[in-house]
Structures are given as structure tokens and as C-alpha cells.
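In this document, chain identifiers A, B, C and D correspond to the written order of the chains, with residue numbering beginning at 1 in each.
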Amino acid sequence: MNELIPLMVIVPMMAALLLSAFSRFNKVIKCLALVVGICLPIIPLASNYGLHFFGGYQPMVDNVTNILYHPAITYSFDFMQQIFIAMVGLLTFLVIFIYLTKYKKASGSYLFLLFMGTAAVTALILTDDIFHMFVFFEILALAQVGIVAASSIDYSYEMALKYMILGSIGSPIMLLGIGFLLAMTGTVNVTDIVSIVRGGLLDVTSPVFLLSLGLIFFGWLYASGLPPFHTIKSGIYSKAEPHGAALLQSFTVISMISIVLIMFRIYSTLPIFEVLIVLFSVVAMILGVSMALTQTDFRRMIGFLAVGELGFIGLGIGLGTQYALTAGLFQALNEIVITALLFIGFGAIVHATNEVDTRKLGGLLAYHPKVGIMLLIGGLAMAGVPPLSGFQSKLMLVQASLSCGYPELSILTIMVSIATFVVFVKTFYSMFLSPKPHDLEVVDNEVPKAMVFAMAILLIVIIALGLFPDVVTSGISNYVGGLLL
Amino acid sequence: MRLYDQIFNVVKKFKELFSPGPVTNADVSGSITAEIFIIVSIVIAALLLRHVSLLLAALATLILAIVLINNIPLLPKFKIEQEDSLEKMLFYAVFVLGLIVIFLYWGGTLV
Amino acid sequence: MAETQLAILFTSIALVVIGLYAAIFVDNIIKKIIGISFIEEGANLFIVGIGYKAGGIVPILMPNMNTTWFASNASYPLPYGLVLTSIVIGASTLAVMLALVMVLYRKYGTLSTSVMLADTSKQEEYDE
Amino acid sequence: MIEFILMIITIVSAILALIQKDLLKAAILTGFSGGALAVLFQVLLAPDVALTQAIVGAAIVPVFIALAVKKTQRGDA
């Protein structure tokens, strides 16, 4: 029993409530937000692995069938959860740091949304209870809408309303799927459902079980922004403030992997589950990257690239072997860091020039060499260039798909990487290297120091993960081995 | 020569695709890359059908290749279908929901 | 009575289908939001229907009840707890959507979805 | 028997709400649908859910919609 596990959710949630309650006292909420932000990555690193049962209801053994039942909402905390929660905590801290240095008057309600989103994804990845997952999935959707609507970019309200309307189709459908599962098993605890399914107490080919997969899968598509939701997902990234977008994409990635791991545990006996995931991942990769190639707004372009990269994660999970799952989860970790770096870096450019169209920009390398070089390294990492972290995970994915007997998927993976590289080089050229247009005025010559600091920290993480991937992959591999048993 | 003309036509079509403003050669080359990328990746993805049936994969690949190359300015069509209007997003969301449900209900036990 | 449970199933599916129909074919944004809230209600009704036991009793244990008799006759209370949360979530989502609609109405002066939530990516360039 | 009547009321008022030209009437019909659902929950042995649904579905949601209609426009155009 470890008391630090529930604190990972409770601390950001309490901080969110306090911040919105005391939003009149500017100094107080600034200090509180910073302190909690520092605490967020430390708590998971200090905590021990284990399970936490809310209310202290220990699991009960049914003496007749000898099956363990979990009456309480259970949080399970392992290496995978630790590394992802620590990464989101670090990102939240950086985002809050950027926000607090950018605005003199901190808005309590905006900080509320940021912390609430962090609490929601932390609960999503920790939970072992399928309804608990649904509740936090809804809270996360509301927080995301709030973050988008709070930005001062044109048309952000429209995008937030579109996201909300699509969400209010996606989440009841997911609830219906959970209802189907509940009707078949009578429990909402994932471990119990898995033991019922594996124990053969349930007909896995019955239409009700298959439909529950379909409905939960649709909700997952909405949460992760795979097609048909890739346009709205890239849209909300481009309409949020850059630091908000950096956090939003990490929310997306984590909700994607946490829901898909729960689905994987329940439905992995059905071959059609893996077919579905691979199908949608391939479509996401093709559509995301090809749409990114035609964008002229660079925020939208990064948004589409981020959606395309999600396809890689889905591919790793869809292949279903231990190596492939490890590769997919490692890719998820890399994507959180790299995309955050790109959003923050391009946000710095928007801050300096007030311009988002690549055609109207040019010659910025002379003005912002530091930002330019860090962005270049980040883009190369996303495309999968050797010493960086994106290379390691993509190489693992290529090897995994080859060893599973799908060379077509390896070819597709490499092609998408190359196209990502093209997108990035094209944008980098037209923004930083091409001659400066006459009517472009570089309004604010200083890029905020906090943004450069955040980018430097993320860059260190990228290079460290690229040079020493074993630090993460061996632990994730052990965790995945436990899932596949 | 017909294919060349078609590709040249693509470049002309691309001008309508971008929002008003100057269209640079970087954008056009990006769009041509996207065009080729879509064709090749869809054809390669169709090869995955060989795990179901070899004949089906061969047929699907051939038919897809011919259809895609004959309709060559593909990108404007793709882009119009993926614009930001709520109506299109909702239509595709409900359409995909229907597809998933039908696919799982009738095909779930086959794969 | 199995017919009751079957009727619940059909009602909830009907509500979901009405909601999906409204999502695509109704143009007025407020009516579209009303329609979408029916999907949530359908899902709630379905989950309540899971817990229903024909001829059973309300799952509240009174002091003078026999527990074995209670366990075999009461309806299943777990889904009810879930639906409580889900109803509140649905109402709050609806409230946020309506608030956004009110803000956007001031800008556009119409409730038509095809005007209010059309493709904006090209308009932005004109504005700048 | 009463549950079948309630189900029919729920569905019919849901459909009627969507074909109204007057949005205020649509709001009231939504309240009808929510209220019928609340009574249906009571019949289905879920009194706690019925209470919540009666407050949320029959009172709060229609009031929200009516407020939104008052702040915008009443006609369906």
C-alpha cells in the first residue's frame, strides 16, 4: 500500500481547485502553481510501484471459483506509468513556467484547466477501472475545450465548439460500449473482466462482445484523434496557445495509450482487434502526413504531423508482440517530448513575428539562431534521424513489423518518416533559410527566455533518450511482458 | 505525353487549393510529393490484403493503382473532404461509426 | 418479463439513432445540441436497463430484511451509480456547448451550423 | 404497462422537439422527454437515478436551453 499513488491525481486536482478559488490573489496563485508544478514530476519518481485500492477495500477471493475480485477502484502503478506521469509532470511544469513568465496577471481559471487536464490524464493512465477511465476521459475533454477556448487566437471558439460537439457523440458511444461490457461481465474492473474473458466464462465471439469492442474503439478514435477525427485534433492544436498545444498533444498521446492498453488487455484474444488498430493507424499515417505536406499555416502543419505520428504508436500496439508494444510505447514517450518541443519552438516564432503563414516568413535564422537550431534538431528527431530518440523508436517499429511478417508495414513506416522529413525541411527552409520578405517586420526581437529554457530541457531529454534508449525500453519491455501473460 | 499533361494540370489545380496569396515553389513541390506519397502508400497498404487472399491482393493493388493514377489531381479531392466544416466532420464520424459496427457485427468472427 | 428489458434496449437504441440523425441532418445549432444530448440519454437508459430485474425490488437494504432474500431479489445497483455520474457529466457538457453557442451568436447573428461552424482555414488569410 | 407508455412518450417528445420551428417549444419538449425518462428510471427500480434525472433532465437542461434561446433567437432559421 503506497500513499503516494493517489497523491499523483489528488495534488494537481487540489491545486486546480485552490487556484480557481484564490484567483484574485495574483502572487499567491503564481507561487502555488510553481510549487505544485515542481512537485508533479517528483512525486511519481519518489513513489514505489504497487497497487492502491480506494477506500481500502482489499481484493476478495471467491472460494467457489477461486477468482480474485476487486471491489474498489484500483490504481496500478508500474514503471510504464511512472515514466509517463513523470514526463507529463515535467511538461506541465515547463508549460506553467512559460505561462507565468509570459503574463504578468495569471488567470486562475486557465491554470485550473491545465492542472485539471494533468490530473485527468494521470488518473487515466493509472486506473484499472473502465468506468473511472470514462469519467476522466470526459473531464479531460472538457479541460481540452477550455484550454482551446481560452486562447486569444481567431476562430478558437468555433474550433472548441466543434471539438465539443464531436466529443458529445464520441463519449456516449464509448459509454454504450462500456455498458455492453458491463452487461456481459457484471463488473467494471479491468482485471476482473480480463480474468472472466481468459477463464472462458464468456463467449468472445458473441455479437455483444464484438459490438462493445466497436463502440469503445470509436470512443478511443475520438480520444486519440485518429481518422475521422484527425482534422479536429489538428485544428484544436493550431487554435490553442503554443504552450497549451504542447500540453494538449501530451494529453492526447497519454489518453490514447492508456485506453488502448485497457482495450488490449480485454480484447487481445480477438484477432479483429489488431486488424482494426493497424487499419486505422495506417490511414492516420497516410492522411496526417499528406495533409501536413499541403499546409501553409505551420501550427496546423505540426498538428497534422502529430496526428500522423500517432499512427506509429497504434501500429506498434496493433502488431501485438512484446517487442512491437515496447516500440509503440517508447514512440509515444518520444512523441510527447518532440512534439512539445516543436509546438513551443514554433510558438516562439509566432511570438516574435505575429505571423503563422510560412509563405510570409523567411530569413529568421539571422534573428533567432538558438530557436532555429533547436527546432531543426527537434524536427530531425521527429523524422527519425540517427542519434536522436525518434530514430530509436522508429527503428524498433520497423524491426518489429519485419519480424511479425509484415514487410509492407516497414516500407510504409519508412516512407512516412521520409515524408515527415520532407515536411520539416520544406517548412524550415521557407521560415529560416529563404530570403526575408520585404514586408515582414520582426516585431519583438527577444524570444522569451522561459521558452528557450523549456526547449533546452526537452532537447536534453531527446538526446539522452536517443543515446541511452535502454534506460526506458528495458523497463517498458518488462511491463509489456506482464501484460502479455 | 498524356501523363505529363496530367501532372502539369495538377500544378495548375494546386493554385486553387491554397488560400489566396503567393504560391511558392516549395508549396507546389510539397503538394506533388503529397500526391505521389498518397498513391504509393495506398498501393502498398493494399498489399497487406495478401494475408487474406493472394488473388484479392493482386486484383486490389492493380485496380487501385489504375484508378488512382487515372484520377491524378487527387490532393484537391482529399483536401476538400478534410476541411474544417463541422458538417463534413460529423458526417465522417457517423459514417465511420456505422462502418465499424457493421464490420464487427457481420465480419467480427471471420478474421 | 423479458419484454420490458427488450423494450428498454429498443428505446435506448432509438434515442441514439435520433441523436445521430440530428447530428447530421439538423442545421440549427441549438436543435443539434438537443439532439446530441439524446445520445447520452440513450446510453444512460441502456445502462439502467442492465441493472433492472423484472419483479425485483429497489436495492436498498432495510433493517428487517433477510439478506439472502434481498440478494436474490434486488436489482443490480452498480450500473445506477455509474449513470448518476454520467447524467451530471452530460448536463455540464450541454451547458458548456450552449455557452459557446451564445458567444458565437453575438459574432455571426445566426444559429445556422453551416454559417457558424463552416471551414475557417481560408477566411483567416483574408482577415490578416 | 406504464413503462411502455413512458418509453413512447420519451421517444415521441424527442422526435417532436427536433421538428419544432419554435426553439422554446423544443426546449419544453426536451424537458418532457427528460421527465418521462426520470419516471421510467423510477419504474425500473432506480430511485436515486430517477431523482437526479428529474432535476437535471426535466428542470436544469430545459432551463439552460431556454436561456440560450432567450439570449439568441427564437425562430429556427
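Quick notes on this one:
Everything below uses one rule, namely that a residue touches a chain if its C-beta (ideal position, glycine included) is under 8 Å from a C-beta of that chain, and two chains touch if they have at least 3 such contacts.
Keep in mind that this is a model prediction, so the values were computed, not measured.
Shared contact partners of subunit C and subunit D are absent; no chain touches both. Between the chain pairs A-B and B-C, more C-beta pairs are in contact across A-B.
Distance between chain centres (mean CA atoms), subunit A to subunit B: 27 Å.
One inter-chain figure worth recording: subunit A and subunit D are separated by 37 Å, centre to centre, where each centre is the mean of the chain's CA atoms.
Taking each chain's centre as the mean of its C-alpha atoms, subunit B lies 43 Å from subunit D. Contacts with at least two other chains are made by no residue of subunit D. Counting partner chains per residue, subunit B shows two or more touched chains at residues 19, 21, 83-84, 86, 90, 94, 97. Each of residues 159, 162, 165, 169, 173, 357 in subunit A touches at least two other chains. Every pair of chains meeting the touch criterion is listed here: A-B, A-C, B-C, C-D.
Within the complex formed with subunit A, the subunit C residues making contact are 16, 19-20, 23, 32-33, 36-37, 39-40, 42-44, 46-47, 50, 76, 78-79, 82, 85-86, 89-90, 92-94, 96-97, 100-101, 103-104, 107, 116-117, 120-121, 123-125, 127-128.
By the touch criterion given at the top, residues 4, 7-8, 11, 14-15, 18, 22, 26, 28, 30-31, 33-35, 37-38, 41, 44-45, 48-49, 51-53, 56-59, 75, 80, 83-84, 87-88, 90-91, 94-95, 98, 101-102, 105, 110-112 of subunit C touch subunit D in their complex. For subunit D in complex with subunit C, the residues that touch the partner chain are 3-4, 7, 10-11, 14-15, 17-18, 20, 23, 26-27, 30, 33-34, 37, 40-41, 44-49, 52-53, 56-57, 60-61, 64-65, 67-69, 71-73, 76-77. Across the complex, subunit B meets subunit A through its residues 17-19, 21-24, 26-27, 29-31, 33-34, 37-38, 40-42, 44-45, 47-48, 51, 75, 78-79, 82-84, 86, 89-90, 92-97, 100-101, 103-105, 107-109, 111. On subunit B, the positions that touch subunit C within their shared complex are 19-21, 83-87, 90-91, 94, 97.
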